[in-house]
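See structure below.
Order of writing sets the chain letters: A, B, C, D, E and F. Residues in each chain are counted from 1.
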Amino acid sequence: MAKIVTFGEIMLRLAPYHYERLIQADRFQATYGGGEANVAVSLSAFGHTVYYVTRLPENPLGDAAENALRRFGVHTDFILRGGERLGIYFLEHGASIRPSRVVYDRAHSAVSELQPGMVPWEEVFAGKDWFHITGITPALSPSCAEVALESVRKAKELGLTVSCDLNYRKKLWTPEEAQRLMSRLVEFVDVVIGNEEDAEKVFGIREEGVNVEKGHLDIEKYKKVARRLAERSGAKRVAITLRESLSASDNNWSALFLDDSSFHVSRKYALHLVDRVGGGDSFAAGLIHGLVSGWEAQQALEFAVAASALKQTIPGDMNLVSEAEVMSIVRGNLSGRVQR
Amino acid sequence: MAKIVTFGEIMLRLAPYHYERLIQADRFQATYGGGEANVAVSLSAFGHTVYYVTRLPENPLGDAAENALRRFGVHTDFILRGGERLGIYFLEHGASIRPSRVVYDRAHSAVSELQPGMVPWEEVFAGKDWFHITGITPALSPSCAEVALESVRKAKELGLTVSCDLNYRKKLWTPEEAQRLMSRLVEFVDVVIGNEEDAEKVFGIREEGVNVEKGHLDIEKYKKVARRLAERSGAKRVAITLRESLSASDNNWSALFLDDSSFHVSRKYALHLVDRVGGGDSFAAGLIHGLVSGWEAQQALEFAVAASALKQTIPGDMNLVSEAEVMSIVRGNLSGRVQR
Amino acid sequence: MAKIVTFGEIMLRLAPYHYERLIQADRFQATYGGGEANVAVSLSAFGHTVYYVTRLPENPLGDAAENALRRFGVHTDFILRGGERLGIYFLEHGASIRPSRVVYDRAHSAVSELQPGMVPWEEVFAGKDWFHITGITPALSPSCAEVALESVRKAKELGLTVSCDLNYRKKLWTPEEAQRLMSRLVEFVDVVIGNEEDAEKVFGIREEGVNVEKGHLDIEKYKKVARRLAERSGAKRVAITLRESLSASDNNWSALFLDDSSFHVSRKYALHLVDRVGGGDSFAAGLIHGLVSGWEAQQALEFAVAASALKQTIPGDMNLVSEAEVMSIVRGNLSGRVQR
Amino acid sequence: MAKIVTFGEIMLRLAPYHYERLIQADRFQATYGGGEANVAVSLSAFGHTVYYVTRLPENPLGDAAENALRRFGVHTDFILRGGERLGIYFLEHGASIRPSRVVYDRAHSAVSELQPGMVPWEEVFAGKDWFHITGITPALSPSCAEVALESVRKAKELGLTVSCDLNYRKKLWTPEEAQRLMSRLVEFVDVVIGNEEDAEKVFGIREEGVNVEKGHLDIEKYKKVARRLAERSGAKRVAITLRESLSASDNNWSALFLDDSSFHVSRKYALHLVDRVGGGDSFAAGLIHGLVSGWEAQQALEFAVAASALKQTIPGDMNLVSEAEVMSIVRGNLSGRVQR
Amino acid sequence: MAKIVTFGEIMLRLAPYHYERLIQADRFQATYGGGEANVAVSLSAFGHTVYYVTRLPENPLGDAAENALRRFGVHTDFILRGGERLGIYFLEHGASIRPSRVVYDRAHSAVSELQPGMVPWEEVFAGKDWFHITGITPALSPSCAEVALESVRKAKELGLTVSCDLNYRKKLWTPEEAQRLMSRLVEFVDVVIGNEEDAEKVFGIREEGVNVEKGHLDIEKYKKVARRLAERSGAKRVAITLRESLSASDNNWSALFLDDSSFHVSRKYALHLVDRVGGGDSFAAGLIHGLVSGWEAQQALEFAVAASALKQTIPGDMNLVSEAEVMSIVRGNLSGRVQR
Amino acid sequence: MAKIVTFGEIMLRLAPYHYERLIQADRFQATYGGGEANVAVSLSAFGHTVYYVTRLPENPLGDAAENALRRFGVHTDFILRGGERLGIYFLEHGASIRPSRVVYDRAHSAVSELQPGMVPWEEVFAGKDWFHITGITPALSPSCAEVALESVRKAKELGLTVSCDLNYRKKLWTPEEAQRLMSRLVEFVDVVIGNEEDAEKVFGIREEGVNVEKGHLDIEKYKKVARRLAERSGAKRVAITLRESLSASDNNWSALFLDDSSFHVSRKYALHLVDRVGGGDSFAAGLIHGLVSGWEAQQALEFAVAASALKQTIPGDMNLVSEAEVMSIVRGNLSGRVQR
């Protein structure tokens, strides 16, 4: 198995139970998650040795966030401690026509105050194979953006494969800010992952008929998006996840993968959702697993899509499934019959 | 915004968790609700100044019921205290082919013992714009029926617009009793709201092919029902909600509105239900909001249907949504994508 | 009503809440269930006098298992006490494409240590009408298999009607072991119940196009399976449940019944599942209810299918529904409208 | 073991969790209990065959109340079904200086509508040894009072030993009403159980220095109360429970027993309370167990006090302890060391 | 009753259940509280018309905080909306020798960004009788300190009585900062409330033998503290709460009150604690209630101490008790006997 | 910090909530714990690098047990996977005079099937400083006893300090079996930990006046026990924990330590218990921490007692406290005042 590093922000996630709205809730389920942390946990569940880099406050919430990672096998040796607070996000689960809603309370988090030079990247990357980051990390703060650049530059320099999930977050920065930073960052990226919204917001790539709100899809248009993403970023491999949001409860889920110059389109899953948060992260983890394992492009893609389809049936941000469970889905065991 | 009064019974609602049956339950979720109270809360959430009239016992359950209203902004200045008990209803959430079940334990409630003259209607209605009542209130007891008549007569006299949701409840009275009372009450009503079952039970209006059990709908038949309701009641505006009950989990939901002589039919929503109780009440609140805001009939109707569609994705009796959230649905944002 | 005996293992069932996976769970819902115990509870709910035979340890878990039976009206007079432990099973509820998962921890249970001669079958069966057993009981241990044979032989001898649900469990024994034992056991059985997997694993009956994983069904093939089951077992009545597993959340559910030489096919229900465990047991209970009540074959079959369709909308192993509730479904009341 | 009958009202008990007040609660723990029902369950746990007589409504709450009794082994064959509703009581657990609070919502319950002649007492008492009733049952309604008189008269006539816990409830009737009825009822009673408040309110027996609010105790004064109770009631055996309420969290608990003409005083227990409701009922059950078992007076008394001390460490109305567990306390094992 | 204004910060309070530590918790109970908000709720429960001034963010958490106030009768008309976030505090309930622990996450809250001139104090105070503030509000930020000064100055100018609970919070500011600001603020204060720690940290008043950690008390030393506080602050009325912390589970609780020149010492309560947070706030509310009602000093003090003793038996920050309940404690009903 | 190894069994612990008895429970809190695992977690919380050796089944429960260890920082590299099942124990929390009750369901666990040669002890102990085991491990099975001997022999041989908590469990083996095995095992042990019951059952050391049931203590008698334990075992250091069980809710807790030839007696803590399970384990961890840190005997003892006193205020088996928190208790901060 490979040695993999991811870097980003892990937050306390507070979610009401039973589809309650935030203003109804008198208790919250407390879990921990964040883009790159979710990728780390999933890769660890697939058997890799994974290190997660972040900065956490010196308080019980920082401890709990670290424990959440350790619990699922992620190495926390390179986590820095210090800073003001742990980021929080409140998640209101939507249902049917009512969308899920995220209220971010992540400003001033310990990781957002990271400064260049604080993370010993040389040491972190020594002997590692792969580095994964998302577009959320540089969006946290200008200094964090510098650290993100520092990280990919060093990873590339030390020979790691670098993947990046664009993950545009409109509550964190503007498209202009995102474009300025991300166009520098992708220079060091080998594998770019995104969806149509990311492409548009981060790189201004817009195709007629590609509509994030509607979610219906014309696969050829998406191929164009992928090709333009590859051109813009310089990455040879570009994956695009394709979510058809029929409602907050039901989605179709698939992806396409541009591997060098060949396109691969995955099977499409009709999902009845339990928790769609972390779907994209589990896709990234699945794809990295396939690529780092040297699988063929189609196989890696199918694994990534199946893994992330499974994720969306599991509560919490993290994809707590084994490779064997994903492979069973890839092989077409979708009947959901009780295993006993 | 407008000043609105509603009058009726608020109950303690006790519901098992996790789709358990009542005989399995060892804990109940405790919320509070009732037709006119639900309308009050929804109108308050839309920004109106709303007063709710009822009678509550002098005990902690009466306090809790009042608090539930205050919590969501409803004014409780005119709530009388006294009487024996707070009405209770037990709600067993159905699923798929198993229907939800309501066990009423509301007899002898404080409000059912209201006598004419106890509510200072003159004072209550002073400076108010709109009064809403439902057919449940007069069904609570003969004396309550008298108070209901007293209320609409006085509201009309003082120039308020009066709306009434017929809301026939077969466990509270017979069709004969309902017809006798309601035909007197609707004389003072400007806007009548109901469904096919109400029309039949309260006014004996039955059209072939209109079948409450089946729920499939022939819109022309329903128009006839609406027109006959208008004739019978003398109200110029009649709204009929159209529920196609595919199962306890999935419903189609729409409505039609006869505004003077023009018919309006709304968009139809395919809903995966979280809690359908209070669906009709949230429709009434949405319609009142539109009409009191002076919107066009079609706009008011679409708002009312979208609002009540949203309600059915929210646990509890009450529709805890803002005008902006409803307008987003009206504009067609049904994909349920996470807002973040 | 009839006097009915069932015999088997009741276990503690531990299930995470909210679709959590076992490795996420920090609390478990604790209920009790097992094939024949579930049949007993359901028959008791239909009004019969039911006795359940098993062996439970002398500890609070054994007490709790007995209490779970008594709570729902089952007579526990013939339950033996002693032995090492109560069997446990962990149930992870699946969703959408993720299958439910059962982790058995039932080895060394008190009942698995039963020895021939320990149960006073003569006394147990005195004055009773019907005996029900499943293929799980003989699979628990070789000595338990002997007791199972003892039970059916004695029941037959004393004139009871004997029914058996084949219920093959691959985690308990091999097809070879099952065939060896079950072919002896069915000699004493009047009514055989099973599905396509049972037929194949227990009697080696395989028809092309009958595929347990896919779940799609060609009814004629299933008729052949039923006929071969009747031939192999010597039973005049054979019922086959037909589950089309569309996903862990949605199933189609129906059954066919070979009564002497005539085939009966039931209505098919499209179910949104709450808890499919115990579906087969509730079918058996429904069928026994119909047959012991002397209903026509089609009527008994429709009752059994409707009963078990309802079960799958109720949490827990047990089918807590009345005859009247089932009859309402049989009569086509599937709209799930609130009963109030 | 003996065959014992008890008769009274069982209610749904709704209690907030975590010492919350009723106006804070958004969920209630749902259990079932009532004076005579609690005695029945405790006697069943001690190994007796116990029948409970009441009247329950024909709805799921009535079913659940019956199930709560069956679950713990009580026979429900003589429970009548019918009437309007199940009585409810809301229990707010106090702590420290804050008293527990009970809000009764039991008026109009099914059992309160019982009429003389409805219960087949002849059949109920056939072959039984002991009958237990409390002063709550006749307080429910005038007709219920008549049925209570009917029950003790018939029990006496058929040779059963009759015990009565005076259990004065000021929210149900006045001292005058209680005295009028209870002085007729105790004519048929062999064993009277009560505390100082009961003696005063039901029989006007007041001794200086006996103060229910303070709870401190002068044992000689209590002996006088007991002797006067014996004189007033004509019962040869009188037991008085002695509760020193130090706070809602800590009580001292003991009792005295006048057996014919000899006094017995029990050990006193210093209790840290979990749930004191049902304390008196578990004392009555313990005393009946001792007396029906033919134990010496002191032994029976010590058993009763130890049993009821244990009860107050267990949540819910019911005393779910075995004879062996009580005997361990009687023998002085009070250290609370873990049993492992 | 009086019209009262309080001003400060209300936070989301997140607390694990069952005495769990923060790093164990996977769910949090969500309530809302803050010094002045708690005073407002308690005064509202005593029957006063209370207005609470703060600033809340425009998001569902801000809405929920406002709803928590409205639910318990507090008027929210003068609450400003805007700013970045709602303050949060995490509360780990201690037990026995383990102290409770508060983790503040309140920096950057909406209210801390208040600027002078934003609150329309003239309008807020029009027609009001009393204004209450605590030393927490000026500690939130320098601009908030200015607004606090603005508030007391204007209140005084408009003739309101002003009370201030010193409430030193070492995690918010240093003693030097506190002294600088508070010495200016108390000029406008009529009633000062504090404990020995506040006196020392805010005014440098230290008496030998007064030890906040030990909590044992020499009442004469505390009188000296009170007198010095009166001198330093210029307030005629000074109340000091006296907490003897025996452990996290058991405290003694009393207070002394310097009214002009006469000292009053209250009864002392031995408390088994449910939730000690908000104890001081409920004391302040009780004292204000007594003083605004024109009671004698001793009576007001006893009421305040009894009210705050009760609070510490109730979960959450807020003292949900009525005047009648407090008076019952004042009259010495401490036995905690069930009220039924 | 040191490198420490512990070896034993970790179990799933299932405990009802709210002081419910096992037969009342319909949900269980699921945590994981076991003597040596608890020691490992506590030592990890004190900053050491800790490895835990056991054998877990290849199923989700085995995974969850491993995750529980990783979550709190314990290294699981040497955990073997395989075997039949994970041991379970059911814990009923006692209160006041009602003892806590443990129902073991640990027979046939994966670790109990360990065979000599399966654990690579050479590799496990390489570079480690300390090895800890308890008397539970050899009691699991004869083969496990052999592995336990293997472990201490090898640890000793490789120069590790070896500690052993005698931990006699009467449900696992007889005193005779324990004496036979443990007298061989202690030959390799440097530090022996136990209580009076262990001394008697494992080594037949009984002093008059030392009474496990009563729990009152005559310290001189306990010193004799310690000296005899040292003689019997050959260990130079012997620690004895002194628990005075006043009730299931209140205990006194202290210890004595024989270090070579000098006796040390600790401070005594009066504890109001939250969860006393794991108290002894946390004492062992505290003592090891002190000794491995090279502290003086008295200091190490006080740390161990304070640490284990804190543990008993925390739910679950594990002592989730830092060194700083323990030191605060050692310094006498017992008032439990809120830290804010």
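In this text, contacts are C-beta pairs under 8 Å (C-beta built on N, C-alpha and C of every residue); 3 or more make two chains touch, one makes a residue touch a chain.
A quick note: this is a predicted structure, and the numbers were derived from the prediction, not measured.
The chains that touch both chain B and chain F are A, C, D, E.
Put simply, the chain farthest from chain F by mean CA position is B. Comparing the CA-atom centres of all chains against that of chain C, the greatest distance is found for E. Note that among the pairs D-F, E-F or C-F, C-F reproduces the B-D interface, with over half of its contact pairs the same by residue number. Here the spacing of chain A and chain E, counted between their Cα centres, is 45 Å.
Centre-to-centre, using mean CA coordinates, chain C is 42 Å away from chain D. Averaged Cα coordinates give chain A a centre that lies 62 Å from the centre of chain D.
Across the assembly, chain F contributes 21, 23, 26, 29, 67, 101 as residues in contact with two or more other chains. Every pair of chains meeting the contact definition is listed here: A-B, A-C, A-E, A-F, B-C, B-D, B-E, C-D, C-F, D-E, D-F, E-F. Of all residues in chain E, only 67-68, 70-73 touch chain B in the complex they form. By the touch criterion given at the top, residues 18-21, 23-24, 94-102, 104, 169, 171, 212-215, 245-250, 276-277 of chain F touch chain D in their complex.
Contact residues on chain A toward chain E in their complex (touch as defined above): 14, 21-23, 25-31, 59-61, 63-64, 67, 84-86, 88, 90, 92, 101, 103, 105, 107-108.
The part of chain E that touches chain D in the complex is made up of residues 17, 29, 269, 271-274, 309-310, 312-316, 320, 329, 333-340.
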